[in-house]
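Two complexes are shown next, each including subunit A; its partner changes from subunit B in the first to subunit C in the second.
Up next is the complex of A and B:
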């Protein structure tokens, strides 16, 4: 190896050592940290309460007999600001709280209604808070009321909530928003934004070995709508399907619909017939367009989606010509109604553009947007719109004729 | 091949990557006019202004390829004026070194070494840079080629991995919200915020092919401009226009939200260590330039003692400033200072020298012929 190569290697070696060795100072041992997996923020008597779910490593490592509730601790701090409340946890807890593994940030409803603008600076400024944490509102409750519930198979309540929220890819009656997405929409002028929702729901206890008759589960259906920084209301699950269609973010939804009665072959029914069919939407495409008609903006939303027929109980023989087409039309009508419900709620009840239509005006009519952007909210509430939906059922599963009608001798 | 020479490829890599290290750290471009979704267009346009404003320096360098910057100024402007400006160049390089050293310390401190004291980060970086700088420019360029090629690849890879989070519709409408004047103003300001042409000027006496100076600068500026524009555009698309401007280190946040697969999340440390590697090289280079300028001004032969003294002085001043202020928060002031200093040392002084050269061309050419 010649001198030049040796020197090159030495320089690289020194650079590498420089980078690595400096991390020896300021290192924190794992057993001095309280690893936070979920954070809740509430307001009581003008004070901020921060509730942190902290992993209990001792219980976790002796996990044979420990319950999921014992695997975590809930540490609260109170202060005038979020930072004070956070730091005040060390007055009563024997660990320094460590945020990089906190995947959930929950706002209590009271705090959300009051306005969260002065509490989000801590979240954006803090270098430990991960930008991929999900932002949620506790529907009708304090944040600490919905923490501590674990009705799944996750190791901790925080993890349980995290896995449910992440599961929005399986059910579009909700929508999850990370901290980065939250700020992306929060800063959009003249528009509202959404966050996910958590609510505690009582359900009957099925497991007979447990003495309680009811169990509490977390449900993430619905979404919270914000105007400015204040919570103004909630979109229901069906409205969220419509919302996700409108903004082109629908990943997976079930649409239940009733097909026209004349399609039912009443002669061949051999058991009780139901009312509904279910289609699972697996692919959708939305195009939004604005046109100026008689000097007024008109919004056109065209949605095309493809789905799988998961269930039909009405007694429809989809092997017959025309039946599937009619079912597609009925499915499209229901999807259209969801979208119209969402739009009406946004326009008439919330009076806030949570759909990003303002951005669409900006893109398609930039000069017009400069004139109307300050009055956009007033224009949005009276915006005319037309929704067109085309549904295609691509897959009907393993059967064509449902079990509640006889196939008969027809071909 | 003559192993004592620097190749064009090495310089192109160095200048491209060094330019990126500052522009994607605190992304000052986001706050330059037009400060909206058209910033990437402004950056692309700055390529033209970058070429224009560096013509005097490149022209003089091409005319006197064997001379250092101070020697060139002495030859054209006279001994006294040459040394006077040379001293200012030395101070400028040292001040710039202090700036990038503090920027590195504060960005490293925010992300991976939050509890490490500034004196330790700056001290160890200074020692490493002193060692690197003591090996002379050729050696630095050779080593730099290895480091910068890996770093450039890392930056491009990070950009690609984060594309999933980018909403390109945020970059629309194109040019509707910006005026021609704003775009050009921003482009001019941006072109004055990059100073890595000095790497080419200082290294040109050791170039393998001295005729390639213009080509090297054009290629490196082009690559730098394109990658920088892409980095800014994807950062805006991922974070949103307003959030990107609220953030001190937007590209760092862009890398923090990368979630490509389970294997590629929380890889912001890759960006920080890549950036440390590039920036350490940059500190070494500009520290060396300051030493070279002072050496020429005071006619000192190679002196390691002088270099070490300069390094220690830079380190002490950097520690003092880093402990007393957060420089990137006062972005507008920092940008103004950078722009003014770059305008003076990259364009105005060389322009004065170029004008004087044109008046004295005959005598200077005669002198050159008699020397040959």
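Up next is the complex of A and C:
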């Protein structure tokens, strides 16, 4: 019996230790927390401004009679450091800000141009910051300028942005990077990196029941390029397709192209008005390769992709042999030009290796990399490259012959 | 000793039973003019048989006191020589016949009293399968089992326990299938019972359990003869108790708590699905409040954002903290459950209605609890009713897990599960591992665990329950 109670005591002791040594703090009730869904970081007069979009749960629960403006509150704090700014919010707000549900971190353009290196420490050190949050730059604006716009179905502006950004698989004219991905690229030596962008765009109001003539929507097209830790420019949507092709992470993109004139049957109805065909790329494979030609590095990029013909506005009879082949070639040409645009911009304008070519050199020519490592940016700017694109149109959709061909000759 | 004179015996009987009012003593003369006397308790014997088949032949035909056996045709007739030996028979419906000149008495069993008919089971309801259930009378219960096993190997062993109540208890088993060591253990334990009253098989249960402090009972009970019979045929020992419609069976396995009699009468696909549902509901009913509380107190980041916002919206304005809220709702639920069981049926429905209404809508509108908590506790409650046999385990451990979740979050819940699992794995019921066939693993046993194989493929009895020499189901035991 004595033996048994000793055993019991030891078990209780071990259990107590295992509970205490985890150093868990006490629980926090939900109604003491302000759930942040988006965070904006700005720099003004040397001070950091942190803008938090906080869900107002009391209003969110009965969404029938509440507008999105009531659903969310915007809590700002100012300080010399991010932490100070963050903690300062408690001076004016009745809840403790709770970051794990903040899926969006927005940098103001001014801050991004100054360099974000000083401020990402807060994001990686904070135990509450979710590593799957998306990092975005407010294009030509302050972070808080693009916050608070909800033109979607989501309940709050932050969720609206999140849903758009997360939907990047539907459109490769942008790229969204999470904190984890960002750090992956950030730590690579002599390389630049990208983040997604947000811009507020004015659009005409279609709904006639609303008195205002214009509405503001958030657009995530384009991407911001960084050199070191400073914003140096933006890739356009087409260049982003090229970029995604080059790094081999293209998921879904539309390529518009013009087929050669001689294929177009000019006598057909409407055939002169249309100019373009669209191919949706659904699968692509990229292989990057480096070769030393005459002691100089030469980059080869081979891209093979498959696509579905989504639309053609030209007078093309794709049931004719050879026509599809020509279309594939034209499509490949356009894709190639996108890639070249992106490469040119990265090399000549940004002078920043955002494509991870330095890593490729390191992998293929480790000895050479050690020699040129410190001078890599100079070499990258004048790097020779060849882009080869092979396109295949796998599927032409439900219609074989376009309607304007079947209608017959123009009267 | 029984005296030869009637007067002396009469005084002794009256004295023995303390002049109780329901004792009837009738004196008469037999044909050969010797005095005779019958003693019995009013209301527990068949008086028509007493008059027609006992008193009538005695008075008209008995020519010598020694000819009782050839004159009376009632079976069985037993001679009693010790005076103390009449207590038990007379209390259980026998008539004691004294005749002048004999130094022994006759004990004639004429027991008959009003009892409940065999009815549909009330707690273990099935859609398909036999619908009879045990009653309070042990003789009827024995009959119910005997009628299902028409075999010479089915044995009942009778015991009388309870110092004051003298309750008869039967141990039933199949010779050749039962494990001798389990049977011996049951016999030993039953013989050792020293208690004044046995009113239900639940009273015996506490004397048979290996670990009385454990939340998990190592003894199964059922009110359906088909369940008990199928367990007897797997090697279990059944313990019937007079006055109780619940028959105990040992040993008990965890997995059998998830089984229902119906599983064996329906097709295996649905049976497997239902068993998975029962397992899930067991987990739900034990851990759901604890997990919810730890999620909203400690791990808000694990809840999907939309759900968290919705929960936060409902929590807004609720004065109680989440653990207290959960505790309050569990209390409400237990109240509702207890009151609807205890109250008369007509009133019980009203209570359920009012309780459901108050807790369901009014409490949320009044802002006492959040709507999400109502959903959660109702789900927990429904899940609890899926496993009525584990009711004791569920109700108590749910509170423990709530406490663990409040103190240490999911970490505490995990620790609790760990301790619970360790406890279950180490538990033994009459030498049988409680978690068989999972721990220890047994391939043959897995065919009838969570997964239910076709009956025709279950060719072997459970290895840990039945006798090692008779594992095959498809052979007759000699």
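Convention: the second predicted complex is superposed on the first by the 376 of 411 C-alpha atoms of A that agree within 3 Å, B and C clash if a C-alpha of one lies under 4 Å from a C-alpha of the other, contacts with A are read in each partner's own complex, and residues count from 1 in each chain.
By definition in this document, contacts are C-beta pairs under 8 Å (C-beta built on N, C-alpha and C of every residue); 3 or more make two chains touch, one makes a residue touch a chain.
Source: prediction; values computed, not measured.
Engineer: So, does A:91 touch the first partner subunit B, the second partner subunit C, both, or neither?
Structural biologist: Neither subunit B nor subunit C is touched by A:91.
Engineer: State whether A:180 touches subunit B only (first), subunit C only (second), both chains, or neither.
Structural biologist: In the superposition, A:180 contacts subunit B only.
Engineer: In the superposed arrangement, which partner chain does A:153 touch: subunit B (first), subunit C (second), both, or neither?
Structural biologist: neither
Engineer: Have a look at where A:130 lands relative to subunit B and subunit C in the superposition and call it first, second, both or neither.
Structural biologist: both
Engineer: Between subunit B (first) and subunit C (second), which does A:31 come into contact with in this model arrangement: first, second, both, or neither?
Structural biologist: Only subunit C; A:31 stays clear of subunit B.
Engineer: Which partner chains sit in contact with A:362 here, subunit B, subunit C, both or neither? Use first/second/both/neither.
Structural biologist: Only subunit B is touched by A:362; subunit C is not.
Engineer: On the A-aligned overlay, A:293 touches which partner chain: subunit B = first, subunit C = second, or both, or neither?
Structural biologist: neither
Engineer: One more residue to check, A:103. First (subunit B), second (subunit C), both or neither?
Structural biologist: After superposition on chain A, A:103 lies in contact with subunit C alone.
Engineer: Taking the superposition as given, does A:210 touch the first partner, subunit B, the second, subunit C, both, or neither?
Structural biologist: neither
Engineer: Under the contact definition given at the top, report the residues of subunit A touching subunit B in one complex and subunit C in the other.
Structural biologist: Subunit A residues touching both partners: 15, 18-19, 22, 27-28, 130.
Engineer: Which subunit A residues qualify as touching subunit C in the complex?
Structural biologist: By the definition above, subunit A touches subunit C via 15, 18-19, 22, 24, 27-31, 33, 35, 37, 55, 57-62, 98, 100-101, 103, 128, 130, 155, 159.
Engineer: Quick one: which bits of subunit C touch subunit A in the complex? Just the residue numbers, please.
Structural biologist: Where subunit C meets subunit A, its residues are 294, 296-298, 300-301, 305-306, 308-318, 321-322, 406-409, 411-412, 415, 419.
Engineer: Give the list of subunit A residues in touch with subunit B in this complex.
Structural biologist: 4, 7-8, 11-12, 14-15, 18-19, 21-23, 25-28, 124, 127, 130-132, 178, 180, 183-185, 187-188, 359, 362-364, 366-367
Engineer: Inside the complex, what are the residues of subunit B that reach subunit A?
Structural biologist: Residue list for subunit B touching subunit A: 3, 110-117, 120-121, 124-125, 127-128, 131-132, 135, 139, 142-143, 146-147, 165, 167, 169, 172-173, 176-177, 238-243, 246-247, 253, 256-257, 259, 265-266, 273, 276-277, 280.
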